[in-house]
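Structures for review follow.
Two complexes, one shared chain (chain A), two partners (chain B, chain C).
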Partner chain A sequence: MSYTTSPHLLKANSVSLVMMQVCLALVPAIFAYTWLIGPAILIQIVIAVLAALLAEAMMLRVQGKPLAMFLSDGSAIVTALLIALAFPPLAPWWLVVTGTVFAIVVAKHLYGGLGQNPFNPAMIAFAICIVAFPALMSQWPSVGLKLSLIEQLNIILGLAPSIDALSGATPLDALKTALKLGEGNVNVADLLANQDIFGYFAGRGWEWVAFGYLLGGLWMWYRNLITWHAPAAFIAAMTLASGALWLYNPGQFANPLFHLLSGGAMIGAFFIVTDPVSGCTTPRGKLIFGAGAGLLAYIIRVFGGYPDGIAFAVLLMNLSAPVIDLLTQPAIFGMKDKK
Partner chain B sequence: MLMNLFKFHGGVKPPTNKTQSNALPISIAPLPSRLVVPLHQSIGGTPKPVVTAGDKVLKGQLIGEADGWISAAVHAPTSGTVSEVAMHIRPHPSGLDSLCVVIEPDGKDEWLAHGPADYPAMSPADICAYLQQHGVVGLGGAGFPTHGKLTPAPSVAMEDLIINAAECEPFITCDDLLMRERAEEIIRGTAIFRDMLKPKRVLIGVEDNKPEAIAAMQAAVNALNEPFSVVAVPALYPAGGAKQLIRVLTGKEVPGSMRSTADMGVQVFNVGTAYAAWRAIAHGEPLISRVVTVTGNVKEARNYEVLIGTPMDELLALGHPKADTDGILMGGPMMGFLVPNPQVPVVKATNCLIAHSSELFPPAPPEMPCIRCGSCARACPHELQPFEMYWFARAKNFGKTQEYNIFDCIECGCCSYVCPSHIPLVQYFRFAKSEIWAREREKNAADSAKERFEFKQLRDEREKAEKAEKLAKAAAAQAAKKAAEAAAAAAAAAAAENTESAENIDSSTASTPEVAPPALAPQGDFLRGAVDAEKEAKKFAIQAAMERAKAQREAAQVKNTDNLNAQQARDIADIEARREVIQPSTQTVDGNKT
Partner chain C sequence: MITRDEFKTIAGNGIWKQNTSIVQILGLCPLLAVTTNAVNGIMLSLATIIVMAISGFAVASLRNLIPHEIRIPVFILIVAALVTVVDLLFNANLHELYLVLGIFIPLIVTNCIVLARVEAFAAKNSPLQATLDGVFMGIGMLWTLAILGAMREFIGSGTILGGIDMVFPGLQPIQVLPENYPGFLLALLPPGAFILLGCMIAWKNWMSAKAAARAQKPPPAPVATAGCQQV
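Moving on, here comes the complex of A and B:
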């Protein structure tokens, strides 16, 4: 018997179990996404997961790390899922592969591998691709567009012509463009109420995907996989910022609910800013991290050049996370009144 | 009893595994084949053995005398013969030896005459001494001598006396059974502690997974009409940690750096300790047995009243361990340890033996990298950041581990228990702590070596200076005598007719050094004397004295003794005699040096 030390009991828990639950939490959103767009998202997920696992295996091999143990930890799969969900669903396969491979090889392994990466790999993938291929990253299919599995597969694999003709703007994009073109004569409330692209709360159809993320996120919170701090702060910051401007000028600024249910806000709030490796770990740190990400995302989204700002907001906050953690160390047992 | 309870941060809920062993009543374990009683069974000084091999001892007879205030006596658990007083492995993770008294039982289990203490007549100091002599120590695990906790802090009023009956570790049920069966004696023991400490409240904290024990304790409190509160606390490991229980019951948080909870007006005793104190006071029985849970990979788990010193394998055999048992855990699975060998004895701190098997306690899967998920921080009852301490412990950056308060870690194991990466966090923290202690010791050793060296240098210099001074004084004495001689010679030449006076002067100068030896006389006085004694031949005499002093410094001994007159020879003899007086003292200093 090998000499073991206390504790001799361990909870039935593992990294793969954690990652598996995160994947499970994404299922409602994936379900809504599939209902909205069709099987394209599933094809992208398969492509991203295969690319992630291959890249992971290659990097583990290069570093001489045990393949089976690390490939089965599920962390690469989570990254792949997030990339697939963040990218336009009809993006060419090589774009998703490029993003995924970059995320795994550079953003994850070159920074030291599992548990060491200072940046969220999926957000790095998104940022790299939107900077390098802005046109491709902005082509989102029109919601009303119904394509068969074969048609979608052909577009993704590049066998059919690109989707230029088929694509429309995202709700965020549409709003931004309309405001720009309207030059102050457009009323946001009218836009949201009358344009076909907008649904009950935000983008038609997309709002349900957002609810899917919310549902999965709440389940992760219930399962103690995440704490409430970062998502709550993210949502609060975005609500406050958008609410203030909306109250100031409802004609020019969309309401908070629209912002929360558009673009990457919900996946960001529950699946991105809660990434423990690249985010903050102390309770107060998580609040600052979430609030910072929410505020920056809103600012980039409304005043910046990109249709959405989650990726850049998170990466900027990733940079600050170590310092925030250092400055927000909680008082320990018995020392609370002495801090 | 309804009262406002508080929560402590974190904690875990491992499967309790208590039902295996709490169904059967406490059974008296049979007399073992031999008893190995370690003398060091409590925190503090190791008791001094008062028996030697071959001595006959009776049950309850003193075999180890308390050494110092924080120390408690050790007694023979049964009657028999002392076969040896020797080093044996003690039940400690280190596996180190300690001095043990080995007793071959004679089977008669014959008691030393004993009886109840005259409790009402005893002063608090008497009671402390009595408990110390009866070997009563904390039975919760740490083994702090009980009498050492029965004096209230002078500056802080004692508010709460807490009896710790939480028993939060899985598998262990010894306190549960003790409360079910001997509640009244526990309450009486608690009353003694109450009389000593005079707290405002007495709280008995029991985890709510022991309803029978709570009922029995409440019934005993009612029967004895004591104003004690039996409080059911939520079952959450480590609610039985002293500081956690204080937090739950009183809302107070005792900082990790605070040595005694009495400084916060709280004192905590284990329920078994209260029982042992009562047995000592009411029956005069020293602490020679305790209730031990035998459980784990055994066919018949139950609690036994076991003599201290019983070899663990003999005790475990009573539970019929299964064939795949591969070790013995002392204590619970969260904080207990595998004993170094199965023959180590049961000690006062042994509350539970768990037969270990790899099926019951599967070895941890391979360690994965930390993903900073923060589960450990959420589980830590002391609100530490285990994953941060882990990084720094792993990097051997021990200063940083201290910045993250590693010494507040109580090694409860919650962090390791929840870690999805199966990192043995507690082990990393133990490593870091022992490295810090080792470095501290090394630093202290280096500091004292440096101090010793500097002191030696200082002393060498001082000795050199003293030697030089001595030689200078000797030279001055020589000069004085020379001057006296010259004066005498001058006087003889000037007044040749009066030889008697010359003799008088002669004798007076000869006696001068004896009256005021140079080593004792202040130099200034002496020189002044010399100046007084000699006036005409002053310059010449000083020059001669300096020459002599120089010669003495070079040779450290007078060599130019060839062409001296009788007077000079006598002077030299005098100087030599004085040097003999001085020399032994310098030799003593040398002796100290080496």
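Moving on, here comes the complex of A and C:
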């Protein structure tokens, strides 16, 4: 048995320690993702991490900053992981590389590097690529598809022909298309119950990936890596918005659970709006930030032209984060809150 | 007449030091809208050069006759008349290009570059200088729009000289990147223009900073002082 003398202080969380734990928190979701789609997501993660580290090293070199210190802090790896998880798993390799390099070079380093970026780099990567390559960014593989590692690698590296035949719609897309084609004559509840693409709560298979994010997020909260404010506000806003419309017209609008477990809602709630750099820092600010992102994401997703709205919602809230922070500064200890 | 130094100053200001697009950041609307390839940018700049040269000459010649209080409406009237001429010329001779540039040729009237140079330079200088100023300001706009357009076109669709067939029938755009290049649509959209213009501005500032550092004489060696320095 070993003894230590006082002071019994816990080691302060360094950036690299926090980033490592965030990566760890993503493991359940990555595990579910791999079980669902196959090793493609792991290939994408490797590609994204390599691209991110190379881009980071290049930018550090240009700026004359120490390479080892900044490369090992893990922030680029977290960005790369989030990008790989947000992109379609069978997208060509250069799509992920383009997004990642843009995120690191433009969204992170041109704005001053770690801690200075006003926008979430991963969401910038997603937004850039969905604007520039809308077709490729909406080719998601059908869940039932079973491909071997080699087949998936060939598709990603562009050695096999395009995946048009293999791709299906995401659950959100399927719902939107069905509602559009049905022109008011279809019922969401029937669709969710009968179509093969939907599972118990949301998209078949994808709902378990969402639970993976939820699990990782709760663990991060338990470990004090994130506070409850932003995720809770995000989930509450999305639940309220979708719940209100669902109660108003259950035939045309999906239930809140479907929305929370579809698309990027869960990864957004726990891994994106909790970003300490591009998000708000005051407790009340985090509540507003999360709620705004959740509401905007729901509006863009249901009424907008894009399949999912997390990226644009988060970027819009990133823009307003400085003002929210300014308006929600807590009173200094010992002073009365000026109201 | 004009001295060599004056000419150098006017040319240097127009092309580099007070470049309309990357220093004064004027006329962003046509810049964003038409520079989807180099040819469009160059042709719009040529139209602007014609307007700026003649309007500079006209305003400088009439500057002593124009009442100070209503000078702006008079300037606009002169510019608008010239733009109408250019607009009709484009419509008649380069009709396809005219359709592409569309509203941006008539909008040269409202382009702040034209009015800014007329107000800031032509109204205070002799006709020859004002004409030269218009020409060189236009050339400054021309090369920035040409480079910006070429970059956007190259990144966005992998070709160079797109739209050249509208000016010189018979010539074809050259496909530089392989045929299966997917095209980076973002570069052709307005955000791409903003991002690339930002890069050009950064490049200009970097070059200017380097030039300034070179021009600065090395600071004199510090004189060793004993004890406290007197303030």
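Operating definition for what follows: the second predicted complex is superposed on the first by the 324 of 339 C-alpha atoms of A that agree within 3 Å, B and C clash if a C-alpha of one lies under 4 Å from a C-alpha of the other, contacts with A are read in each partner's own complex, and residues count from 1 in each chain.
Following the convention adopted for this analysis, contacts are C-beta pairs under 8 Å (C-beta built on N, C-alpha and C of every residue); 3 or more make two chains touch, one makes a residue touch a chain.
Model, not experiment: these values are computed from the prediction.
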item: First, second, both or neither for A:S6, with chain B first and chain C second; value: first
item: Touching partner for A:D73 - first (chain B), second (chain C), both, neither; value: first
item: Which of chain B and chain C A:V106 touches, first, second, both or neither; value: second
item: First (chain B), second (chain C), both or neither touched by A:V15; value: first
item: Winner by number of chain A residues touched, once chain B and chain C are compared; value: B
item: First (chain B), second (chain C), both or neither touched by A:A132; value: second
item: Partner chain in contact with A:P330 - chain B first, chain C second, else both or neither; value: first
item: Residues of chain A at both interfaces, chain B in one complex, chain C in the other; value: none
item: Complex contacts: residues of chain A adjacent to chain C; value: 98, 106, 128, 131-134, 136
item: Residues of chain B that touch chain A when the two form their complex; value: 8-9, 12, 14-15, 93, 170, 243, 247, 253-256, 258, 326-327, 329, 331, 333-338, 356, 358, 361-366, 368-375, 377-378, 381-385, 387-388, 404-405, 408, 411, 413, 416-422, 424, 426-427, 430
item: Contact footprint of chain B on chain A as seen in their complex; value: 1-11, 13-15, 17-18, 66, 69, 73, 75, 113-116, 224-225, 227, 276-277, 281-282, 329-336, 338
item: Of all residues in chain C, those that touch chain A in their complex; value: 182, 184-187, 189, 191, 195
